[in-house]
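Shared between the two complexes below is chain A, which has chain B as its partner in the first and chain C in the second.
And then the complex of A and B:
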């Protein structure tokens, strides 16, 4: 059997000592889990290692850790897979002396450390209450009943439930929170797990207050418009919840269905971007910036808040103009695709953008026709496949 | 080789030196660029956020235009275009009914997207189609002693499955391989795969520039001479906004940020000016002594 070295991050805040790495070697099959190895080390060598775990079936969400830099559940990560995660964005076994292995030639070292963005209680155990659950509570994670409550059961259209299936797959492990790059610089960000949870109720037709929920999340300066669109949560999630796409759905609902003009410029930015592509075919950056602050029209740049923003941009704008990076001609007139093509683009806008309801294809629900393309988190057999072109549920 | 070339918006807008340097570098690599000048913006994730079908249709149109050329494949020079277009392509290729539906919007123009276009960022094409050995043989000015920090941009590395990053295609190591092939030294630092913060620059400027400033600072601490990026939007936050990012993180920065074709062009013997490096806000020429370190082993 292959030999794996588990390099476990040890830390006891009450001891007053700094965190340190401790190596343990195990002889185990490559398809046994990282959690199996940690529990074996606890049994055989050192019972004091702190790890939270329960079901060992990837259901309870307790054993979230970082393995060779990538978050996941220790119970459903094979030892060989974890060992191979040492490099790059995490999936390439290419030898690299600078990576976590500290130059060791064999690729069987697995660094196991607590998840990021959450304070450590001890060793691999993080304080989920302090960050994760606090943020979940922030989004009112329960259904607000419509009044009057029906005498019998609610009848919910099938497509509405399919629409929220993906967010319901969340097991609250916190892996997405661990790797959220917005939260890294802005701990106040409500974050991927809680916002995915918010969509679960916004998308549920039984909920009485989707608009209030969306207003709240759009107006919060750490809400839906604080997501930097980095895709980290998508790769981190062991259940295919795709939190980032749920955040984009919240934005779509807030901006387009409820026309919520938030104070973070989120909706104005989106509207202005979409309009500029309709008018020019290409992005007119010099118009986008002031319109994002001042409003989605040619006059947007004359709005006081656009002026304030333009002033604060001068330290970078002045050298850029002096060095010929930004030409005044481009700044004023922008660039366009040829007339005939622009007309076609505008036709597409007319056909698609103005029409209700929007068409949205969710591959989590529909799956892939071509089996070769089926990803690891493909939908299960018991999931419906009859809604290929689910019209997005409109409230 | 001939490629259907999608430069994107920003490489012809706020970072004109990117499109310019690509045009200079292509002939030195025997790449013939058939520019897709009729195509529209990829949506950059923003049109996708507004209306998925609209973004998918605009990109299906771009793919269809590329398929009309005699290019071997489609090539882009922007991480964001790659990621946004890959996302649309994934949906279009996964489902015939959906693809046919989207194609009805292109009928008027006589266009049709056929499933399975190959769309590669310049970085992928260089490593997978052109080959690093071939590139190495064409280097005229090895980047000896130049310490280069790679900065990929989110859209080029995540999600790994959609972007085809696997053991056979370690696309998340290509920049490191490329820097070495050009004779430079790879600098490993915390920000290599992180976000530049650009997507939230208008929504939360402080968080956005804290991201940019932190990665620049980490690269400086790791003694990088410069960063190299395959994404013009990252370049906007890391170079254009660097003076403001410096204030946000409260430290001196002054780290030059090169576009991918600029770094390659230098090694292939082009001058910094030809590559538009005089247009950057943080001047590469002021920090790196090109006359000695880059030319060293010609």
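And then the complex of A and C:
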């Protein structure tokens, strides 16, 4: 059996010492989990290593940690998978010099540390209440029943229940929160887990107040428009909840379905991106601000609030001109692409706009691409293992 | 010190349902759990929850299936209550927000399940327990003003007054090691089963029999402890659960020769016979050499349309991929019977009252007994919710008419001393992990699907030897912040107590019924053994055994075939 070095981040608040790394070596099969290894170390040598865990099957959500830089559940991360990450990428400290060469002997190092964005209590145990659960509570995390409550069950389309079941599948492990870049910059950001939870109610036809919820989350400066669309949470999520996709769906519901124009200008800003690319084929940065603030057309720049925004952008615009990143010509005419290409971009818009109704059902419902073609007992094909279920395009 | 009308220990489905019901009745409520509530092992319940909600179904049919499933050891008055109240409980959950599967007309849809004469299992994909648990927690957050939550507090002792009434508990805050007395007019144990006394098991690491042992230690009676369920489909290596929902959706069981062997053992219900029947059939195939070399048979989920599997059995697709390297939509997966559930527990009446005044129990920790010798799939979620609610209501009602008991702070010192003694153990003792492994292996070998006098005797010897070792097991952690080592030492003691009562009860029942199959007494013997075996503590001696009658209302015992 291969030998793995578990490089565990230790911290004992009672010791007065700072956090430090501690190495433990185990002989284990490559398909055993990082949690298996930690539990073996606890059993055999050091019972004082702190880690929350219970089910060992990726459903209780206790064992969220970072392994060689990537957050996830220790219980469903295989040792070989964790060891193959990193060596320079992510957070593996003191990478071995020859690690790049897939060194079997001393290359199998797995750095295990507590999740990010959440204060550490001890070793791998973080203060979920202080961050994660506080944010969950922010989104009124319970169903507000549509009245009258029926005598029997609410009648709800099959697809809608399957749809919200994707966010219901969240196990509240905190992996998405750990690596949320927006939260790193703005700790007040409501964040991926809580916003996914919000979609679970907004998307539930039994909820009485989807509009109020959306308005609340759109108007909050730490709300749905605080997400920078970086995909980290989608990478982090061990359950395919795709928090960012849920945030984008909240935005579409807010902007398209309820026409909520928030005071953060989030909806108008997003609309401007869409129409600019339709108009020019590429993003026309200089037009973006005036359109976001003055109105979503070429005339937006003549609106007073656009002028205010433009003026306030001067401190960043002027250095950009000086350094040659921005030219007057570019500011006025934008990037040019060939007419033929622009036409193709606009064809895509026509195609998407022509769809009725907007497709919003998620991976539980759509896209079983190869159902008929593949005979039972076929050998494994090489589909990427986390895409057994085809995901909805991120529109 | 916190004082409440109702104190609930454990925050899985039974505990959270009890808390909501007690608060609804106007009681002040505290709910204490050694883990955050959504980590409770109810979260792993996959397949669904039974109720005769369809107009063409009836509670009588559900009740009879349950009685038959129990091999006539279930108490029929309790079973009638559970099955009658089931439909309303499903609707309560639906209104609270559980995202139950809908059929094409938008109404609640069902799937088939083992031992049931109708498709009456309501479900959320294969994450039913998870979905219900998280929705109940949503409700706890909503009712935060009336329900005080103590998350990550470990209960060490139940408290009694001079008359023997339970007056609360002592709990340790895991974050700082502080001990606290929780005063309560009524205390509800809802802390789950004891699967970790076995290895492998489908149960999480937290399922260590705490409540059963705590109640037992203060004199509460246990019942049906010999009845330990082996689930027919668990993964070979690690014991992970593959939901019965797979067979409900149409998956087959095949032996190594490719035969659908259930045709032999249960010609009518095939894969959907009761769990004890299917597990015994599998074990027989394996023992007689028709299994695979790894001691398994195969579950063939490819019989289910792939699209349906991906929508309704998504979690086990993931489990197959992550924990066995198998795409279950493309090839059969190797499975075998594995420890899953204990039908026995703290003996209660239909309102959750135990033999200790003011102490209640609900859910897997309890034995009402609605499951008797064998629990039907998708009846355990129902049990937790119905009897959780009834316990909560009863304890609340009772609390409204009595003064608040208090325990002197000096009561803490005994627990403090016990914990100090653990912390100050000398280095070099046996390791907790090793003791636990030996216990688990012994129980899984001798107190499993097939049992006999010789094996049970061996098991008892091992448990008793391990008890001595556990008393001096080594501790590495001397701190107070999240000291999981000390907790593990206490839990080990709980598991050993529970294991001992299981073995004693299994030795006592000299017949085969439900999950108890004695190779030396292979027949059911209603004349002598249609009765519950009760177990109670007896100081440092072996536990005391007594009997209580099975309540029969309308279904007389018959031969049981599927």
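Definition applied: the second predicted complex is superposed on the first by the 292 of 395 C-alpha atoms of A that agree within 3 Å, B and C clash if a C-alpha of one lies under 4 Å from a C-alpha of the other, contacts with A are read in each partner's own complex, and residues count from 1 in each chain.
The definition used in the following text is that a contact is a pair of C-beta atoms (placed from the backbone, for glycine too) under 8 Å apart; a residue touches a chain by one contact, two chains touch by 3 or more.
What you see is a predicted model; the values in this text were computed from it and never measured.
Shared-chain residue A:76: touches chain C; no touch with chain B.
Comparing chain B with chain C, more residues of chain A are touched by B. In the superposed model, A:142 lies in contact with chain C only, and not with chain B.
Looking at the shared chain after the overlay, A:64 reaches neither chain B nor chain C. Once the two complexes are laid over each other on the shared chain, residue contacts for A:156 go to chain C alone; chain B is not touched. In the superposition on chain A, A:300 contacts neither chain B nor chain C.
In the superposed model, A:210 makes contact with neither chain B nor chain C. Contacts of A:338 after superposition on the shared chain: chain B is touched, whereas chain C is not. Under the contact criterion defined above, the residues of chain A that touch both chain B in one complex and chain C in the other are 368, 376, 388-389. Residues 84, 87-94, 96, 98, 181-182, 184-186, 189, 221, 225-232, 234-235, 248, 251-252, 255-256, 264-266, 269-271, 273-274, 277, 281-286, 289, 292-293, 312-313, 315-316, 319-320, 323-327, 330, 334-335, 337-338, 341, 344-345, 347-349, 351-353, 358-361, 363, 366-370, 373, 375-376, 388-389 of chain A are the ones that touch chain B when the two sit in their complex.
By the touch rule above, chain C contacts chain A in their complex via residues 35-36, 38-41, 43-44, 91, 94-97, 99-109, 124-125, 127, 130-131, 134-135, 138-139, 141-142, 151, 175, 204-206, 238, 240-241, 302, 305-307, 310-311, 314-315, 317-319, 321-323, 325, 327, 329-331, 431-434, 437, 474-477, 479-485, 488. Contact residues of chain A toward chain C in the complex are 12-14, 31, 39, 42-44, 46-48, 50, 52-62, 76, 78, 121-123, 125, 128-129, 136-137, 141-143, 145, 149, 152-158, 160-162, 164-165, 168-172, 204, 206, 364-365, 368, 371, 374, 376-380, 385, 388-389. Those residues of chain B lying in contact with chain A across their complex are 9-10, 12-17, 37-41, 43-54, 56-58, 61, 83, 90-91, 93-98, 101, 105-106, 108-109, 154-155, 157-161, 165-167, 170, 172-173, 176, 188, 193-195, 197, 199-200, 202-204, 206-208, 210-211, 214, 240-244, 247, 278-281.
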